[in-house]
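First chain A sits with chain B, and in the next complex the same chain sits with chain C.
Let's turn to the complex of A and B:
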């Protein structure tokens, strides 16, 4: 049984042991004098036990309120009488004046006075803390019982408030409204300013003062944001920093270059971070960072980037490190790096436009006489060659530009994804610029050139690199269909004229394009390769067939044939330059020997594939002719018959064969040749130019001798022809792949637009078949979307195609629909 | 004493016994172990006759902010020994010494009778409500919160009316707001019957402190009001947590959930 009732008798507690009645005034007197000892640092003689017991008794006797008030008053008096004076004495007139922004003292004096003031204040604060923690120990029971029961702040907190009010908020002079706290703020700010200007300051001293401000609160609420540091100092600090950096950025922009500015800005940010760690409070780090970022970067980034030594200068001079600084700074203040992106894009387009213009200038400078289609052919051909060079230079320039910006992107921009997107967009912008419609053709020509010459003697890796370059550029091209058209044309010539260095590389290119642009894109190109393979087999087959016929004619002409599927090959571009439509209707009249072979093959082919029509394209073939020229005296005086093997176009062969039966001293006129061969005029002119005008292959003599071919010109066999080599190639100038003339290009575009029409119609029908009904807006949007990988059609063109489909009753307009809509008619 | 009360007492004791000391005390640091604490021993002169006690300084400092301040500060105590503890009875300090090394309170005769004798003979002797109250007063003055809590729990668990002498002692040596004083008021309101007082107790009534009587009166009025409003049953129980110095509601909830029998 525990203390139960009715148990053993318990005596009441003895009186006297605890001295029930106490004399408050006496006891307080003892405590107060002990506190005075504590404040004068003489505590070691005091008995903690005794003092604690005194305070305990007072509280137990319900005099806690009195004790609390007395202690507060004691502290108030102490601070007011003993401490405040010494602090005020430290405030020299210089400091006071200076804090009101009046000059008069030297910087060094101010600094010295400021440090003395801070030291004094710090000492007073630390003394106060030490004393108050001792007092709090003595008054522990009062804190626990009286303060807790009556919701009073602990005596320690109360004393801290007193320090704030009696010291920091005291007014040191009658005529100013600056209290000690604002002077302290000012002194600290001035010291920071000195440090920013490169002086060394006493960081620890300032940090101690900051600790004080962090330990005190502005109001009774002890919340983070109520600390004096926040309410009194931090705001001033941020405002004065803002002012400082605003002025500094202005000065820097005026007096230094962009790279130095960037380095400086970055250093300032590090400095401020460091200052927060070592001198101020880490809670300020983000805020001051923001101020510096605002003033040095955000508000200035535009000016900075646009400086003479700004982004443009950095790009032009490959200042990768400085570009990376700019990137870093811009990224600090703007996630999207809008300003930098804008400047970079602008520069890409500028430089790209320069490349475009250079290509245009090169092509125009090389083509001053090409207004008329018929005059000045030879210079035009020569110039076309120069244009091809310009095209290849354009590709190389664009690639160089891309390499340049890729490097910048990788090294300086940290491989930033949005920036890459922006770069790609800008490249696409200038490559597809409406002022420069030749990119598709140029890229195809670049490939053509490499397939024919460029990759000769290159290793596999180097070839890969070339192919990759072409693909890179191709990615930017918007009108893939136009590219396809050019590529087909160029490929066609390479294949038929056997110009490709390596069939493997050709196929590699195709498979790369397949990966990049899809199956659809390369289907026809692959079909062209297939035709070539089948043709090889056919040629071989025909040869065997002839041999089996058992007709060993020594003069037999060997035939190599390419059978081309007419839908796959861009044959129209293979013909003459297309200026005389009627020329195409005419069929070339072959000499009988040739005609016989032609017939023989047609029969052979007809047996294999019934129902197919073969159309002979004389304009595209070539022939090797063995020619014998009469004996002429050699240098050593002997006479020697000369044999040459002439490689000429099929037309050239047909023309030359006319002279076989002609006595040496006779001639044929242009008109006669035209009549006997039926060769289209323009082709005839070209071929005669190569045979009779070009100095190295002048197998015919033209009379009168001039560059131009006229209908009345007469031609005869050049018996005195001299060639340096046994084998002579008579080039017909149009047979190479060259940049189109403006007229040709317009033609190509016209044709391209034609085929685009079909693509658009096909897309519209596909969409409508699936959706049945659709509004006009949606249909246009979906069509654009579906065609995006191929080309970007004009909306107007889509409208026209819709109209046409309605006319042909694929679609109908939905009557009375609120918005324009169409219905699919199955 | 009726059976119902006895039953309650046993239950409460059983519940308390289940609680490991460590979960009852909510202290941020852990009790220093002998392997880690300083071997410094301080001498305390207890009571008017200055009886000598030797005790590990770190244990004192761990349990009591008072001793922590005394040994850490720059007062005389930091250098000079022994330290006087003049206001405390030797028997009370003996209990404290036993407790500070074991965190256990002495058991009463009844507990030993029921659970079988273990431990030294002193433990079994005549600890009464008065002695526990004195221990509580010591823990209040020298600020030993863990001890206050354990003594409070023990007195609560006994769940009997304290003698008037104990009430008088508590109200003269503790702040009225002390949990023990509040408990005495509450327990008198809950179960005091006129017939419980024998002759000697009746004589003590006149010494009852004003604050105690006032407390009972106010509490009684409050409870009557709640009974009338049917907010509580006449057979209400007291909640141990009302006499714990919980600083937050979470702490209180945690304490409640820990005391729920499994």
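Let's turn to the complex of A and C:
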């Protein structure tokens, strides 16, 4: 390339041979007068070709720079002399004053003065733009050749800058430092303030002024963020809006309720979005949204939620719409909705704790009676019943609470995932609270109650619903092992005492738990059902076996038997729970007739399954006895022998049979009965209470007659017993599933801890077998992890189990390891 | 019958519009000539005409008077607007093998076409073995079209004229038209416009003997820029560095 632009810096000396100077002045004179015509809107007679040609000639003759300067000066003079005055004239003292402080003018006066000012400014700006685009057309060749070659801004841009400097930055009064631009800002801001207060303003007029600010730049750099709109107006707008909303939020918090506040805040955000669209610039939308969100929501969300009419009130009164507004607002400023989550969680735990407390109060109110001086069992049973009712109420209350929050979550919280997690955590928190250790038992009791009574007459769907409720609560329970223990105990009684309404529903429940908690959990429960089935077959088989022996004894005693696998059934919780080991060791002495049958079945069973030992649990059985009472005078005077069928416990039967051999007028003492039957004392006491104290089933006469049973009491057959029905059920005390007493629960927990120990050891060994070596921390963490579906063991317990495994040489400590670590010993 | 190409269809209809003046919505006056033209054809290609049609008197009357331009040049410019060419066509400029001895004593007649048609008659007929081309060279025509394209900002016309000027320079470098054409080049566009200036400098640099012509000497003396660019090229060709 030859002679690029860079090489032109040094020019050869010019020769003024052609009278160029004179030509220039003449030509410029023609152009300038045409420009004046254009500015006075009188361009229709001007010839474009002529003006273009003149400008072209000047540039061709290397006078581009002069022309450029002349045009600029021309515009500067025009703006300064012709335009500035008219703009300044629009600035009333009121406008000048209110831009600093509130003057003596009324709002309306200021408003009209402001509009007049904006109209004038807008007109001047639009005229300037129109004229300058005509000038730019005329000066096209100069722009293309001179400005491009010399890197000058186009004449149009240069003239826009002039408008900025000569008009917007001109100072209308001597005693203030406000220029036209800042007065314009103030006027616009005041109009916006009016609109926020509910007035109607001329949005188009403001928008036109905003266009002007968007078209001008603060400096030479024509960048987005250098637009006057951004550097001058927007900043003021955001700052004054922040101030406005800060004050407004304070007022609103003081004077309205939370629901109204939410609605207002939402409306404000929409208003500001709309204002950016219609009056200001869309580039401001996000910024002003942030200001409103900061001032109305972010900085106030805590106060808002904590208001008297806040989230707590909304929850308590099921104000779903208000809650959804709070949710929407919180979500705007915080992805995590931390404040709302915190308030909701707090309320869940509060309400849950109330439910817990109510249950505790109900159970404590019942206790003083059972601890009274009279240790009779009947009132205790009554109290326990009340407790069972409390347990069921607890379950219902918790479910109701869950329904309530589920609805809120669905309707108001848009089914928000993190909030659901938070709700679940809070429910788990109060259900597993250390101050309330009864959840597992209560849930199991709830199922028990429904299996025995609740589902009677219900449709399949309704039953499904009940089962689902139980499962819902079960999901929250942390210590699944404790639940399993209670469930087994309750199920055991239902099965053995035939209390279940429907075997199908029982099995449905098991399969639901299987889905929810896994195979391991339900294995033993299923085994219990299997035992029951096998036992039915056994009973039938034995009956056939006896029939085949061909000894049709009319007084034959029929035997129905349940053979229970001892590991599967929670037998220790059956019968006399208080007597522990002692009770189990004693073997009841059966009357000879019964003993014969027992032997017969043992032989029958032994032939089928050799090597199995049968232990007879007399405490759990029952017997139907056909009893004959001597003739007594009836109402009509006739004598009649009375036959009753007595349904009694096995122990009851054993006791009653003693009296078969006893002459009518003789008695046996308590001690004698105990010695001849070997029935554990507490069971004996309970059975004698049923037979000799309870008024409707007083088959024996106790002497002296009192509620308490003493070793010296004497018992004789009540020949004069009167029963209303043929069949009489002698109620056996403590045959139902009740809430445990504190002592019982401690016992249950102790046992549970015992079996937890095994679970923990098994988990540790499983982990170590796989990993071989592991640090203490990791081992504890993995153990906790593995056991999470069953229960949450205490770390201390894990430590003890590790110690024990080291003692028994399953593990060893790694010597000199930087952190405590263990090695698996195969 | 030969099928016509779509492109041919457009080009011939455009030419027809120019010749007939039908649908004309703009008149361009220049000297004795009146051109009935179409805003849709002209305005999108030249910001001058575009602006003129929106401005003052021209907008009102629909007439643009080009009072300062050469009527023939304007006629060719308008021909270009409608045909993308103007006569003489590129294909008519015959490239000659350069001949040895320049002979400055030849006629200086400049060919001015007077009609849109008969171009075969006007085909330059260079003498194969002659030492010096005769007949019209059209150097100045191309330089003028180049200048008017610059004035009214018609990019395509500028490119086309530059190409024609270069082709001519390769054939007619020894033509008597050259000095006056160079004068046109150096006075009709701003100094910074190097489109034709570079062609002129290269032409002289390759044939320095041209400087012996008195007309050439006069040019060198008048246009310091030309002289300097020539020296600069020489310096670079001699291996000098010019950053």
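In the analysis below, the second predicted complex is superposed on the first by the 779 of 826 C-alpha atoms of A that agree within 3 Å, B and C clash if a C-alpha of one lies under 4 Å from a C-alpha of the other, contacts with A are read in each partner's own complex, and residues count from 1 in each chain.
The working rule: contacts are C-beta pairs under 8 Å (C-beta built on N, C-alpha and C of every residue); 3 or more make two chains touch, one makes a residue touch a chain.
Keep in mind that what you see is a predicted model, and the values were worked out from it rather than measured.
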Partner chain(s) touched by A:53 [first = chain B, second = chain C, both, neither]: both
Contacts of A:141 with chain B and chain C, given as first, second, both or neither: both
Touched partner set for A:221, first chain B, second chain C, both or neither: neither
Touched partner set for A:819, first chain B, second chain C, both or neither: neither
Which of chain B and chain C A:45 touches, first, second, both or neither: both
Contact residues of chain A, present in both the chain B and the chain C interface: 1-3, 5, 8, 12, 43-49, 52-53, 56, 59-60, 134, 137, 140-141, 144-145, 149
Residues of chain B that touch chain A when the two form their complex: 1, 48, 65-66, 69-70, 73-79, 83-87, 108-110, 126-130, 132-133, 141, 143, 154-155, 158, 160-163, 165-166, 168-169, 172-175, 177, 196-198, 200-201, 204, 207
For the chain C and chain A complex, residues of the former touching the latter: 47-48, 51-52, 54-60, 64-68, 151, 153, 188-194, 197-198, 201, 224-225, 228-229, 232-233
Contact set on chain A toward chain C in their complex: 1-3, 5, 8, 12, 43-50, 52-53, 56-57, 59-60, 62, 134, 137-138, 140-141, 144-145, 149
Chain B-touching residues of chain A, taken from the complex the two chains share: 1-13, 17-18, 20, 43-49, 51-53, 56, 59-60, 134, 137, 140-141, 144-145, 149
